[in-house]
Structures are given as structure tokens and as C-alpha cells.
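Chain nomenclature is as follows: A, B and C, assigned in order of appearance, with residue numbering initiated at 1 for each chain independently.
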């Protein structure tokens, strides 16, 4: 009996050892693993890009963990990842903490949409800035509040509490959302302000864009903010938002591109810019660039060439894949400046 | 109604209630199994075991790297934890009279109760931070810290259960103490000790919290033990809280696989290896 | 141990060593070279037993090393938060990473409330099942059922979380919580909208997770009660239930209470299942339908992205608080279980 057990244990042990060895050999010593972490906002397009790039260059694996912009910045500063990603640009204090200079590389343009779960309401809702700030401040408590009813005549809004869902961790999406709210609501600016992680007056927290979408999807009468693709991929309703010109605009590739049009011309050298509440009749007011955070000095030559190679690919071939996932491609002026900036990585 | 009749009714009623409690608890296990088998079985296919994860929103893909990654991390944890636990257990059982062994014993019991996430914090401080890297090694260290106290105590327990007469017999035949331990006591207790080890390994194989910030995660195969590694429990967590229906299916399938492995290890350890040996 | 180490370090060689030394010396003199010196320490290890003792001692000491390192690291990594906030950390409500304000109270509250709900559900259930298994059920059925129940303890936390998210939360959101609100709405625990996630969901899943521990240990404590006690009660005319409830259970109460404490310690530290259904809102509200946060959940969610060293050290300090809490409760519980099993086997 004992011999048999020993044999079983030995077989299991050997199988595990072999499996580990096989998996490591299959992706031999010449396979390069680059680790990145950060924003959940662009995760669908990044995952697609890294997957496609791996097909073209099977010896390069770019492992991206979608943990939130705050996480990307933190892990980059701690040196545990090779690059970060964030939809809220790094602040000057954060940049000062870095051991080497960190470069921001815009990758795509995206939109943060107000998504909701309203059983029985089939029409698309229109949100005014006052309604949005009121909902997130907690002053607009019910779906049939005046602020919402005013903008949505003819829609039968239920007399139910709005279940507000926000992010539980440091998030670039939160940064974009609160940036917008601060611009259109002095009360919000005073109470909570613009940051990746704020003290929310109301609501419950979801982890990542994925978590917020998951919660809104499962809870009736819930409302949250997510990147456009999350609402689309999961067939969730999202509303129109009134922009600075007074028009109600729905987030789309076209309206996001319109929002970036002005900013593209006056882009600063470090590419850190906010395009929320942008001017323009067709501009979607809650749009944003999202950035890859790359250290300007990369010691390992293999990693350096892999990363710069990826960036070059991203600016040309990668941009062609954005629209399929409802992200807007970068404006041509930005692409030109970025291609030059890649030279700063040494 | 007479007092006696009333007391008899209470008697029957209360015992009926307790039976209901026991039944309810057993039903919960079957509920868990049923749910997992129903939802997981639907989504389990060969692709799950052989393919890598796909980008969010795309269907298909699998968790091959997470399965192997979990095996790697558990292997590291076992390689560190089992020898330490085993030899420490021998010390407590064979040389264990006095204040120092008592302190070791009590500390092991206390460590047993520490939440696994605190062990993750610990491994982050001593492995991830100095290495500047998330790695399977860090995950293995975190899990080994959970494994060692369990293994020490179960090894000691089963060694103590060996009758003193066996030891005395060996010594009477002229063996030195360590020879007696190695050739007589340990083989006699090996069944129980192995059971304890398997149960300990099964427990850490299901842990997810300590791996969140030690082995982190990986979309691809990890080409060395010093790199971020995917693991099954962490993948289940990530996929379960997402909104993608496809990821939900994968989470169920992964849950079924994980539970099947857990139950298999537990049942085989208890039934096959040690019939009649006290389980507690 | 002290004796052993002292023996090891004493320089006076033992008789056997002396004889071997003499023989060596003679041989070396015969060869005409000087006797090489040996550290006295190694003389102690002539004996295989001593070697075994030392080796196993070193490995056992690893436990102390780990425990010491653990405490050290927890203290070291939380030093910033501890110096900045002091004891007020435990009583501050506000958790604001942006403003650099960190207070542990909402998380301590959430941890305590979810554990309390878990115990409220699992203790009656567990004790009832344990009584059935030890008193009423025939031994073979009792063993089989206990085996199955102990398997529940082997189910990983994430799987409980998976079930909680997809099976428990929808169940609570629709039939259960509105039901509670309608019939027990006068209690301060059940007002507010019914999200499904929140304190109640976390408490229920925790209850399911800790019930096997309560059953297992309580059953052992009850079985350890000497039969004479039961027989004595029956002899004076008690029904079996009265004998169980009024004699056996009180006799085993230390072990039962110990099992409750162990279950509590387990519930306090549970991470994954709770993180998935607690709602991630650091707030202090009496309603069980509301969402909250627990210490393990906030560490799991915020650790990888703690913005700034103060945030990170505040999270580690939370981990330290949890660590100390579970150590105290566990230490207490073990003493109780020890007392009862010793007492149960002693002569009355």
C-alpha cells in the first residue's frame, strides 16, 4: 500500500515538474517577457494589440495586467513593471518620485460614458451636466428627479433610488470623470475635486472598469461611469451628455475625435493634456487621451528595442485597429510628434 | 397535556431541529457542487486546458498558463515548506520537552490562524520589493509561510501517535536515537504524516489572496520562476468580477477544475492513506 | 534546550571524545606531526543524536524566525502611518487617499459586523448540527456526515466568492431582502435599498465558510464528555434532549466557545469571498443591506495601486491590526479548546 502511494506521489511530482519544464522550454530562453500594468480604460485595445504583436513577433510577450491607472503608476515607480499605463497623466509630484524621467505616450482616444441599468426604459437618456454632478454628489437621489425629467421629456422615469457605482481603486477613468465634473460643477470641485481616487459622497465601489460594468449590469436602477467599449461589449445602455455648446452628444469615434481636434494643434511636448468639456458642436465632453508611461532610460537593450519597436508598430498598424473597438485613433499631428519622441528612449 | 408529554414533544422537536441543521449543512456542500458542476461543466472543453486567455470581449481561449502557473507556485511552496515542516515536526515530537518546544508549538498554532492576506503582505516585503519584480517565487514563499505551521503540527501529531513501545524496542536493540527515529518511528507514522502534508498542500493550492501582489498575473507563459505568473484562483477572481459573459463561463470552468482537484486530494488523503487514523 | 546549547558550548570534552583524542594524538605523535586543533564546538557533535537534535532544532526554529520576521516587517512597513496618525488611526472614520487622511474605523466596523452576522447564523446552525452528530446520529452516519461537512472546509475562498456573486447576491436582492424589509423592517438593520451586495451578503457567505469549523470542533468536544454525565442525567429522569442541553453541552462549553472563537478568527481574516460581495464602500451604517468594506478587502483592492508611501504604510498598518486581532482571538481560543479536551478526558 505504501509503495503504491509513493508511486502515485512520485508520478504527480514528475508530471508537474515536466509540465513546468515543458512550458518554460516551449517559450525558450530567447522569448522576452515585458511586464506592464495600469489602466483598465484601454485594456480591451491593449490586450488586442499585445496579442496581435505577439503573433507578429512570437519571441516577444508583453504581459499587461489591468489593475487601474493608480496601480500602473505605483508599480512603475516601484520598479516592478517595465511600463505603466494611465488615463490620468502623472502629476508633477509623481514624476519627481521617479528614478528616471518618465515619458507619456498617448495611444488612443476614448470616452467615459454614463451607463445605467433601467428596467422598462428603452429610450436613450440625456444627461445634463447638472444632472450628472447632482447624481454623484447625492443631491439627485431618484430617477424621476426634476433634473433628469427636464432633459428627458416623454420618458417614463421610475420613482426609484439611483444606485451610484464608482471605482473603488485609483483610476484614470475616475480622473477623467472627476475632471469633467470639476469643470462643470463648482460644488463638485469643492467637495471632491479631480483625482484618480476621490472621497465619493455616495455610491458603492467596483474594481476596475470591469467591476463597475459588472455591478451596473447586475443591479437594477444602477448607474456608473465606464469606458465606451465596456458598455458596448456588454450591451449596456449609456446616455447622451450635453456638451459645452449645448448639444446632447452620444459617445462615438466621431464625437471623440472632434473633442481632440482643438487640443491636437496645441499639444504640449510631454503630451499631458486634458480634453474634457472640449469646445466644438460635435465634441463629446467626457473624452480623454490615454497614455503609456515609458521610462526614458531602459537598461536592457533587448527590452528597449522591443518597447520602441512596439511603439512604432502601435503608431502605424495599431491605430488601424482602434475603431473596431470604438476607440478613436490619434490625430495625425500627435502621431508625428510622438514618432519623434520615441527617440528620447535610450 | 401532561408535563411528561410536553417534555417528550420538546425532545422530539429539538432533535428534529438539530437534524435539520446537520442536513442543511450537508445540503450546502451539495448545492456548491451542483452549481459548479452545472455551470462549470457547460463551459469545460479541451480548449480550457490547452489555450492561453484571449483579450476581453473575444470568445474562446483557455487557462492553460494559469493551471501550469498554479502548479509551479504550489511546487515552490511545497519544496520550501514541506522539508521545514517535516523536520520541525520531528523536533517537536522527539526532542520536544521544555520551554523552547512549547514556544515553537504555540507560535505555530498562532501562525496557523493568521489571515493569508497578511502572509501576502509579508512576501511582498521580503521578496517582491528587493527583487523589484513580481514572481512565482514570491507567490511560492507566501504560500510556504502558510504551509509550514500546518505541516509542523500535523507531523508532530502523527509522530506522537506512534506508541512509545516501538521507540523503546528500537533503542533496546541498540539503535541510537536518530536511527530509531529514521528507521522506525517515521515509517510508522508516515501514513498520517503524508496525509497531513497532502491536506496542507491542498489548502494552499486554493489560496488566492496572497498571490494578488506576489505572483501578480500573466497573460502568457512565464519563462522563468522569477516572473509574474498566472494562477487559477487569481484568474477566477479577475474573471468573476468582470462583466464579460465569456469570462464568467471560464471562471465557472476554472472553479470546477479547482474544486475537483481540492476534493480529490482531500478525499484521497483521508480515505486512502489513513483509514482509522484520527483526522483532527 | 538551554541545557543542550550549554552542553554544546562547554569547552570541556566528554570522556569518549577524550579517548578518541588520545588515540589520535598517539597516532599523530607516531607520525611526528602536530595535532591539529578542533573547535570544541564540533566535539559535542560526535554523536549522531546530537546532530539530529541540532538539525531538527534549526528547522523548528524556522517557525520562530518566520513569526519574528513577519512581525518585524509589518511594523517596519507601517512606520509612516503609525507615526503620522498614532492611536487615532483606529478611531478615525475618514479614508481619503487624495487628502492623505487614513482612518481604520470603517474597515474595523465592516470586519466586525460581517463576522458578527456570520457567527449569528453559523453558531446556532453549527451547534445544532454538532449536537445531532454527537448525540443522536448512529456512529457510522455521524462519521460519514462529518466527513462530508469537513470537506466544506476544504473549498477555496474564491469558489465561495464565485457562488456568492452569481447565486447568493441575486437571491438576496430579490426574494430575501425585500422579505426581511417587509416583515422585520422595524429593526434598524434592514432599511434602505436592496442591492444584494453588502454586509448581509458577506455575512451569509462567511457563515457558510465557518460552519464546518464550529461543527467539527464542537462535535469533538461533545464526544469528549464522559458517558457517566449523560447516564446520570437520564438516571434522574431527564429526557435525552434535557440531558444533552442541560448537562452535556454545559460540560463541553469551553470547547464549544473555543470553536466559536476559532471560527471568528477565520471569519475576520477571510478575503476573497468578502471582497467580491461587500460593495467596497468605506462607511459606517447600521443597515445590513448597505455596502461596506473590511480590512482584508481593502488591502486586496488597494495594495497594488496605493498611491504614495503613506497610503501603502496605512494599508500595512491595517494588516498589522488584523494580524494582532487574529492572534489574540486565536490564542484565547486554543487555550479554551485545550482546557476542555484535557478536562473531558480527566476523571470527574
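By definition in this document, contacts are C-beta pairs under 8 Å (C-beta built on N, C-alpha and C of every residue); 3 or more make two chains touch, one makes a residue touch a chain.
This is a predicted model, so every value here is computed, not measured.
A centroid comparison over C-alpha atoms places A as the chain most distant from chain B.
More C-beta pairs touch across one of A-B and A-C than the other; that pair is A-B. Taking each chain's centre as the average of its CA atoms, chain B and chain C sit 15 Å apart. As a whole-number value, the distance joining the C-alpha centres of chain A and chain B reads 36 Å. One simple way to say how far apart two chains are is to compare their mean CA positions; for chain A and chain C this gives 39 Å. Counting partner chains per residue, chain C has residues 304 touching two or more of them.
The set of chain B residues touching two or more other chains comprises 216, 241.
Chain A has residues 37, 206-207 in contact with two or more other chains. Residue ranges on chain B touching chain A, taken from their complex, read 54-57, 65, 68, 71-72, 75, 128-129, 132-134, 190-191, 194, 216-224, 227-228, 238, 241-245, 272-273. Put simply, chain A touches chain C in their complex at residues 37, 67-75, 94, 161, 163, 168-170, 193, 195-200, 203-207, 215, 218-219, 221. Interface of chain C with chain B (complex): residues 1-2, 47-49, 51-53, 55-57, 59-64, 66-67, 69-70, 73-74, 76-77, 124-129, 131-133, 135-137, 145, 147-152, 154-163, 165-167, 208, 211-212, 215-216, 220, 239-242, 245, 262, 265-266, 268-272, 275-276, 296, 299-300, 303-304, 316, 319, 322-323, 326-327, 329-331, 334. Across the complex, chain C meets chain A through its residues 94, 96-99, 169-170, 173, 193, 195-197, 279-281, 291, 301-302, 304-307. Considering their complex, residues 2, 5, 9, 16-17, 19-20, 23-24, 26-29, 31, 33, 35, 37, 43-44, 47-48, 50-51, 54, 61, 63-65, 78-80, 206-208, 210-211, 213-214, 217, 229-230, 233-234, 236, 325 of chain A touch chain B.
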